[in-house]
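What follows is a set of structures to go through.
Here chain A shows up in two complexes: once beside chain B, once beside chain C.
What follows is the complex of A and B.
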């Protein structure tokens, strides 16, 4: 699923958080977003997810305009900022509650997702008793469990140990091999470079650079 | 929408806040029943023991219809039940509604369904959970009180003791068919339980602090009741009607007569404000 930003500007009150962004995220590729805190990486992901609407311009996914033709992309998995789940439920039941909305995956698929992120031993533990790293892992499991066409991962390696970082790399690669279009942001430039096919640099809501397969180009 | 509603109802029923609200109101209803059985039950036994007359006209004074929590006016428990009803009902699910929006959990849901379906399902689930939290304690109270107190039909000549006066809401039913009267008040309380719950959820769109939003319906009722009584002190009792839900939901008159028009108007105002706020503000607002 190709994602296009066509002259997208997003203003919140008087602040311009995304400034005339134009970019194309190719189908089946991993696109990295790089920038300092508050540069607009998460806002771009929110625009793709349909959580916020562009003040000007359009976000188009396979010819469908988000916020106009449909409210949210049809097949999307995401983890934006901090993962959030219900404290009184365990990991498995939290995922099952979400999976029940679409009803396209079975309990065994949920267990498989939990195993993929290494939470198999904690699947029956209440979410409120999870460590930060475990919460992050559950967030990743929720993002990928339904094999969505588009996956948005905002700082997926936050709070993870080295084993967890390797797990993220493995899952992202597996999802890419499946054909998913992945957008990822990460402060660790080395991880982002290792994973991404193309990296966009964002500064103050403006796309200032693009690094593709080792070559560097300015927009 | 059906799937979403099923999920939201499941979340509501298995929420610890739901259990807390239910236990709190049930505790008051049971305490009221215990108090009233000890008090009125004793009077009934004494009247029955007086065999001087073939029929003692005092018998209907202390029947089930004047002793269930909706009618008794003596215990602290009934005061707490009606005055804390806005908290007991708003707490269970309005709390989860506010925290889901604040924590970002809502993002997980809307990308899988859509905002309209989510808010529709959530509003219905909040309403239903609020109704259940009121209905169950009332039924428990009715079961306990009716198991001990006789079902004597109230006598209109003793309206001073029953506190259901001419002109009160459903007053004719109380003296002709009290069973239906009690059922109607249970239904009215249950309905208002749902309304208080959605009111708490609606306030969360205007107040960012969850605790304040959930407490606000209770605080508003308290202030309105205080203000109303302050003004009523200077008015002739026959000219005034009860305007505050926590007062007119009580099946026997506490301060002023209850009016069907007021009961319906207040319900419509709460319903319109809450549903429009949750649905339109919720669907329109962006999610960060």
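What follows is the complex of A and C.
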């Protein structure tokens, strides 16, 4: 699932949050997005997810224009900003209510996702009693549980301890090996460099550079 | 198929999981029934009908003509029964645009599916509040051996303090349309409009729109103020210059369709962002 940004500009009210972005996210690769808060990383992910539409230009996934040909990518898992679930539900039931909409995975798949993120012991605990790290883990489980073709992870290591960070690295690698196209934004440059095949730097909505397999190039 | 799943999702999380709001509404209806009962007792009235009880709830106020020595008699019960439904419905759609709701939207396949599901939820929710209320009234009537008819008794001139005395009951020609259909239809239309408005502004601001409609209707008898059609005392079957139920039905249905279609078109380009 190659994702292309073709001259994409996004304006919200009078602010230009993405400014004439052109980039190609290759199939089966991990693409990192780097930039300070408010630089436009999350907006790029929202554009891919179909949650916002480009003011100018197109976001194209395998030849299909998001917001024109289809509203949302057909196979997408995401965790944008801070994950939020229903407080009165436990982890399993929160995931199941999401899984019920697509109806492509079973309860055992959900349990497996919970195990993958290390929440197996807390699967019956109410979400409101989760720590920040546990909430983050559940968000990651929600993003990967249906083995989607595209995975968007916005700051996946937020609130995680070192063990949690290792878990993220492991899951991202496993999903890449499965063939998923992954987009990650992360403040931690070291983690992003370690995980990503290519890293785009974003400043004030503009793509100002990219680092690919050790080589540095300006756009 | 996805639409059916979304509808199920909304009915489950928008109605079943919000059972406490329906319970509160049922309790309010029960208190209103008790208040009705106390008023009957205070006038030594023992017989009443289902129509009397519904009239007590949805009579509203007769036309208000401002006079310096006569302050408006606010129909608290009518306002509460209608505005509470709008209040309980105001947050769900908006809340579902952030957090977990964003995962749901992406799974909905089409923005159209999501909006239409929310519209169906809104209609079902209003209907549930009113049906629950009617169920309480029916139980109350059964318990008190009331007559199961929509006939309004002469005593209602005494019981309702909001202007019913002006019109002799013998001349009233009202039935299930004014007593049941109009309050439900008008509330659905206002709640739908409120949901559409909350695409532009915060939910509580959109709730103000509902408050303005109901309050302005209370102060002014006009075909253009929708709340008038939900007040039995403003019906042209009671007041000579009142509003017609047929106009109310057309107005409400048009407003419902306009809110659904305008919302559908607007939501196609709506920026789904975090509201935190």
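FYI, the second predicted complex is superposed on the first by the 219 of 219 C-alpha atoms of A that agree within 3 Å, B and C clash if a C-alpha of one lies under 4 Å from a C-alpha of the other, contacts with A are read in each partner's own complex, and residues count from 1 in each chain.
Note that a residue touches a chain if its C-beta (ideal position, glycine included) is under 8 Å from a C-beta of that chain, and two chains touch if they have at least 3 such contacts.
None of these values were measured; they are calculated from a predicted model.
Once chain A is used to superpose the two complexes, chain B occupies space that clashes with chain C. With both structures placed on the common chain, the touch criterion links A:102 to chain B and to chain C.
Using the contact criterion defined above for the overlaid structures, shared-chain residue A:64 touches neither chain B nor chain C, since it reaches no partner. Looking at the shared chain after the overlay, A:46 reaches both chain B and chain C.
When the shared chain is aligned, chain B and chain C each come close enough to touch A:78.
The interface of chain A with chain B overlaps its interface with chain C at residues 46, 49-53, 71-73, 76, 78, 80-81, 84-86, 88, 97-98, 100-103, 142. Across the complex, chain B is touched by residues 46, 49-53, 71-73, 76-78, 80-82, 84-86, 88, 97-98, 100-103, 142 of chain A.
The residues of chain B lying in touch with chain A in their complex are 3-4, 6-7, 10-11, 14-16, 96, 100, 103-105, 107-115, 286-288.
The touching residues of chain A, counted against chain C in their complex, run 12, 46, 49-53, 70-73, 76, 78, 80-81, 83-86, 88, 94, 97-98, 100-103, 142.
For chain C in complex with chain A, the touching residues are 2, 5-6, 9, 13, 17, 98-100, 102-112, 269, 271-274.
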